[in-house]
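Have a look at this one before I ask anything.
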C-alpha cells in the first residue's frame, strides 16, 4: 500500500485524536493509503519529543515551515490553536501539500477566505475535522434526510452545553486554556462549540439564511496565564441564536460553558413532516428516530443502538451491541479523507464548506453585537 | 342509569383506590351502572366514619355481616387484609351478592378454592383487583400478544422491587403493617408482589407449569405492633423463582422489599421470535416495544407514550401527551366490571383465574421450602 | 365544612379538568371548603345537559350572565375560549364573585389589564389555572430555587412541542379547533403553549426583561369550520424566542405544533452555579436534578421519582412509587385556591401575575413582527 | 522502554481486540513494557498473513508449538476457540512464557484445573481477559463496594441477552460459528455469556455458594458447517439460575441468545443496605447509582457519565463528556497486565480466579441436568 507521510502541527488534545486516527485507520478500514506519522511540529521541543515518542513520530521540528518545505511530507495536518491555522494552511497549500485542519477553519470568515483561496488556487486536497459528521448515528441521520424520509422540515434545534469554565478562578490563555483567549481563539463558544452545531446543521438541513443572536460573558475578567495579570475576558461564554434555514425551517442554537451538569452535551434534533430524529454526544452510539408511518398504536421514538453491520462505518469495528467511542469519528474522517485523496478529491467538509460555517459564526457575533437579525453570507459565491 | 349499591369492606390503601374507582368511573366511561358508595364496613368506628365522610359513603357498619345481610347492597367489595377474604367472600356469595376482592384472593390456594366454590355455586359475578392488567400499556401488550405479533415466545421476566422494609426498626403487624404479619398476609412478598407479576404473566403468556424458588427473610425478628413484643418474622422478605411456561418459554421472577432505590418497580418483559415488549410501573404510561420487522438499520426499542386515543382506555381521559397515573387502572377495572355485570358476566380476572395465581404462589413457597422444582396445580381442573 | 358553589363556564377539555379538580379535591386534601358543582354554563344546551349530568352539576344555563347574577354562585370559573375571558371575568368581579380563569388570562395584555383592574377594584379572589406549577416535580424545583440550591443562574430553556396540526387538512375554528382561530384565541402557540412556559419560567427564575422572537405559520390557509370557507390562517404555528432575564441569565423558548413525534412535550431546564434541574411533561412524575456538591466521582443527574410523602402534594395521594397523572395538577390548584380563599387571599398565579405572562407574549409577538429585541412591560407597575 | 514480544494465537474477533489492546496501550498509558506484535499463529496461512499484515505482526506461524518453542516470545496470548486453551496454555507455561487467555479459561473446571496447575507450577504470570471488569463504570462500582458504600448486600442480578441465533437457518460449527458447537465451546451461553456475568459478580459480591439452574436448547438441530449435515445442537441456548452468595445475598442470573431486540445487553445490579448500582453494556459509559444517604426529597438514581478524570482509567483518554467504547476495556487489561508483570505479579483475574468461574458454570450445568440445587466447588482449595 502506498504510504502517505503526515506532518502534524500541534500536540494538544486534537494532536492526539488526529494521531490516533492515522494510526488506527488501516487496522479497521481498507483504504488506499497507509499514513505514516512522519514529523511532529510543536514549539516546545521537550514536550514535542515526548509526544512524538509516545505516538511514534519519526522526527520532530519546532518550526512549521520545515514541514512545509520538506519534500517528504504529503499531508500537513493542523491541530494547533486557531490563530495559527491561516498562515500554516496557506503556506502548506502553496507548497502543494494536502492540508487537513482542525475546526474552526479560522478565527473568522475573512481569515478563512484567504485559506480557501490558497487551497483552491493550489488545487490541493483539503478537509476540516468536523468530526461529529462521522459519528455513525449522525451519518445515519444524514442518510435518512438524503433518502427523503423526513419530508418537509419544520424545525431544527441544537445545543452544545459544557460547564468547565464556571469557576472564576480558572485562568485564561496559554497551554490548555487558549480557548479562553480571544486573540488566539477568535471567539469563545461561538467558534468552539457552535461551529460544530452549525456544520452538522447545514450538512443535514441546508444553508442558514439569517440569525438573531445574543451572547454573554459571565466572568468578565480572569488571570491571564501568559501575562500573569488579571485581564478582561474577550470571549463569549455563552452564545444563543435563532435561525431561519433556506428550506423554511426555524431553529434554536445554543452553546455555553456554564450549563452545570453537562460536560459536552451536544444535542441535535430535526423535525420533519414524516419523521424526526434526535442525537446527543453523551450517548453518541444511539440515534432516536420517530417515524410517523409506523402504525398509530405502536408509534414511539426508537432508540437505535448504532452498532450493527448495516449502520454507517460499523461493519469495520466489533460485533452488534458493542459501542464505539468519541475518537472513532476521527478514524472515520481519516478513512474518508484517504479514500477521497486517492480519487483526487477532498473529503467533505472541504475548506470551502467550513468557510460557510465561519460565515454563520461571523453573523452570530455580529447579530449579538448589533442586536439585530443578520443575513448570512454565502461561501459558494465568495472567496473565488 | 341503574344504580348499583356498593358495600365496601376496608378503608386502608385499597379502600381508597376502590372507592375512587367507583366515584370516578361514570365521569369518564359510559357504563351501564352508576355505582353508589352505600355502606362502608370497618372495625374502628371513628376512623370508619371519617373515611365514609371523606368519600361520601351513606352509612357505616362495623360488622361485615351487616353488609351481607343488607338487601340494599348489590356488590360487596373486599379491601380488607388477606385473612378476612375467605369468610367474607363466601358469605357474600351465599347471600347472592356480586363480589369483588382485592388481591391476592386468599392467603393460599386452599382458602381460595373455597371461595371459588362459593361464588361458582352461587353464580354471582366476581372479580379480583389485579389492577395492573388495566394499565393501558399492559393492556396494549396483551393486544400485541393476542394479535400474534410476538410469534413463539422464548423468555419472560418480571420483578417487583421495593425497599421499604430494610430498616430493622420497622415493626410488624397491625394497622398499615399487616403485610409483614404472616398470619394475616399468608406470606410476604410472594403473595403481595409476586402475585401481581404472576397474574400479568399468565394473562400475557399462558400457564406456568413448574417453578424452582428461593426465599429469604433478611430481618429475622421484629417488634409486633399488636403484642408489643419482638417476635420472629414469618414472612418471606424476598422471593425469587425460575419458571417454565406451558408454551416452552423460560422465566425469572423476583420480588423483594430490600432492593434499595426502588419503591414499587414492577417490571415485565416478554421476548418473542418477532417482537419484544417491556413495561415498568415507575413509568407506567410507556410501553417499550421492539419489532424485528422494522427495517434493519432503523430497528430500535420504541418508547411508546401511551396517551393516544387509540391506546386502550385512553380516549376516555385527556388528550395525547397527557399521562394518567396509578389509580386510573382501578377505574378501568371498575368500568370493565360494570360492563361485564350488565351482560351477566364476571370481568377477568375472575376468582378462578386468581385461584390459579394462588396455586403458583403456593408452588413457589413449597419449592423454596423443599429446594426442588414443583409442578403447579391447574385451577381449571380444581375446586369444582 | 362550608360549601362553595361553583359556576363553571365551558365544557370542553378544560371544563373537564376543572370539574374533576373540584370533585376530587376533598377526597384527598383537607381544605376549608367543599366545592359544589352548582351550575354549568354553555351555549349548546343539549351538550351542556349531557356534560352536567356526567359531572353532577345541579343546573345548566346557556347565558353566563345568569351565573354572574345568581346569588347562589360563589366562584365563577372560566373554562371557555380565550375571547370570552375578559367580559365574563370583569362582570363576575363586579358581581363580587371569586373568579378563576383558564390560561391565558386574555388574548393580549390590553384585555388582561382590564380584567386585573376589575378584580383588584372588586377585591375578589382570583387565580389563573397555570396548572403546571402544581405538578409536584415543578413545585419541588421551585423549592430548590427558593432554598438557594442553584446559586447564580446562567441559563434557562423551555420548549413546548406538539405535532397535531401538521396536516394541512385539519380545519380551523369552531368546536375543539378554536385554538387555530386567531380571533378567538388571540394568537397561536404563543398564547397557548409558550404562555405555560413563560409562567413557569418567571415563577422559577424571575422577570424576563427582553426578548427576540421569530414566528411562522407553516400552513397558510385552512378551511374554517364556522364559515365553511378556506381562509388565511391568522395564528402562529411556531414561536421561538431568545430572552434575557432580570437576573442576567439567558434563555431559549420554543413552542410549535409541528414537531413530529412530540404530543405535549413541555420541557424546562435551569442551570445554576451549583445545581441544575430538568423536567418534562411526558414524564411529569420525575425531576432530573444535578448537584455539583456531590462527590466528584459520583456526580450524575438524579432521576427523582416524585412519588414520596416528602415531595410536594404527594402525601395526599398513594404510596411511594405510584405515580399521579396530568389532572392531579388541577386538583392541587383547587386545593391551594380553597386554602387561600379561606385566608382571604388569591392563590398564585393571580390575575396580575398572569397579566405579566401576557405582557411577555405580547412582546414576543411584537418582536417577531418587528424583527427586533423588545423590552417586556412590567405588570407590577401596570393596570393599577 | 523494555519490549515484550507477544505471540498471539487466533485471529478472530478476540484476536482483533487483543491485538488492538497491545497496539494502543503505550499511546495512552504509562506502562513499564512496550508490547511488540511479534508472531501470529493461526491455522489458515492465507488469512493469517492478511491479519498479520493488517495488524503489523512481524511473522506468522501455523503451529502454536512454534510460539511455545520460540525464545523470542515473552507472552503467549490465547485468543483461539475454547477447545484449544488447555493444551496451549499448559505448554506455554511449561516453556516459561507468561500466558494470557481469552475467557472462559477452559471448557469446564476439570480442564481449567490442569491449566491452573501448570501456570502455578511454572510460576508464570497469567491472566484471563474477562474484560468487563475494566469497563470504567464497572471498576467504579467495584471501588464503591470496596469502600463499603453499599453496606450489607441483599440482592444481585445479572443478565446477558442476545438475539443472534434465533433463526433456525443459522448453521453451527466452523469459522465464526464455533460458539454453537458444544465440542469446541464446551457449553453454550453458560460458558460464553454467563461466565462474564459470574466473573463480575464474584469480583463485586464475593463467592457464590449454590445455584439452581434451568437451561434450554430452543433450536434442536442445525446444519453443521464442518460436516455439512443437520446435527443435534449440543449447546444450551439459554441458561438461567438462582444463586445464593456466601454473604447471604440472593441472585438471579440469565443468559440467552433468544432475547429479541437485545444485541449484547449485559446488565448487572447490586442492591445494598445503603446504596445500589446498575450498569449495562449497551451504555457502558454510564453507571446508575442510588445513594440512600442523599437527602430524602432529592434521592434518585444518578446517571453518572463515566468520562471524568477521576473515574477509573479515564484520565488517560480524552476530556470529560467524551465516551470510550468496548475495545478500551481490553486496553485497560493490557495496561494492568503489563504493570503487574513488571512487579512479578499476575493481573486479576488470574487463571485461578477464572477457574472459580468455571466451577460456577459447571455447577449451573449440573443443576440444570439434575433439576436440583448444586453447591459450587471452591477454587482456592482446588487444583493445588
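A few points about this structure:
Just so it is clear, A, B, C and D label the chains in written order, and each chain counts residues from 1 on its own.
To be clear about the criterion, contacts are C-beta pairs under 8 Å (C-beta built on N, C-alpha and C of every residue); 3 or more make two chains touch, one makes a residue touch a chain.
Treat the numbers as computed from the prediction; the structure is a model and nothing was measured.
Counting hops only between chains that touch, chain A reaches chain D in a minimum of 1. Ranking B-D and B-C by contacting C-beta pairs places B-D first. Taking the mean Cα position of each chain as its centre, B sits at the greatest distance from chain A.
Centre-to-centre separation of chain C and chain D, using mean CA positions: 55 Å. Here the CA centre of chain B is 42 Å from the CA centre of chain D. Centre-to-centre spacing of chain B and chain C amounts to 36 Å, using the average Cα coordinate of each chain.
Contact with two or more other chains is made by residues 262, 299, 301, 305, 308 of chain A. Residues 154-155, 157, 159, 161, 163, 166, 212-214, 216, 218, 238, 240-242, 244, 248, 250-252, 254, 256, 258-262, 271-276, 290, 292, 299, 301, 371-373 of chain A are the ones that touch chain C when the two sit in their complex.
Interface residues of chain A, counted against chain D in their complex, comprise 13, 16-17, 20, 23, 26-27, 54-55, 162, 164, 262-265, 281-285, 305, 307-308, 318-328. Contact residues on chain A toward chain B in their complex (touch as defined above): 140, 143-144, 287, 289, 291, 294, 296-305, 308, 310-311.
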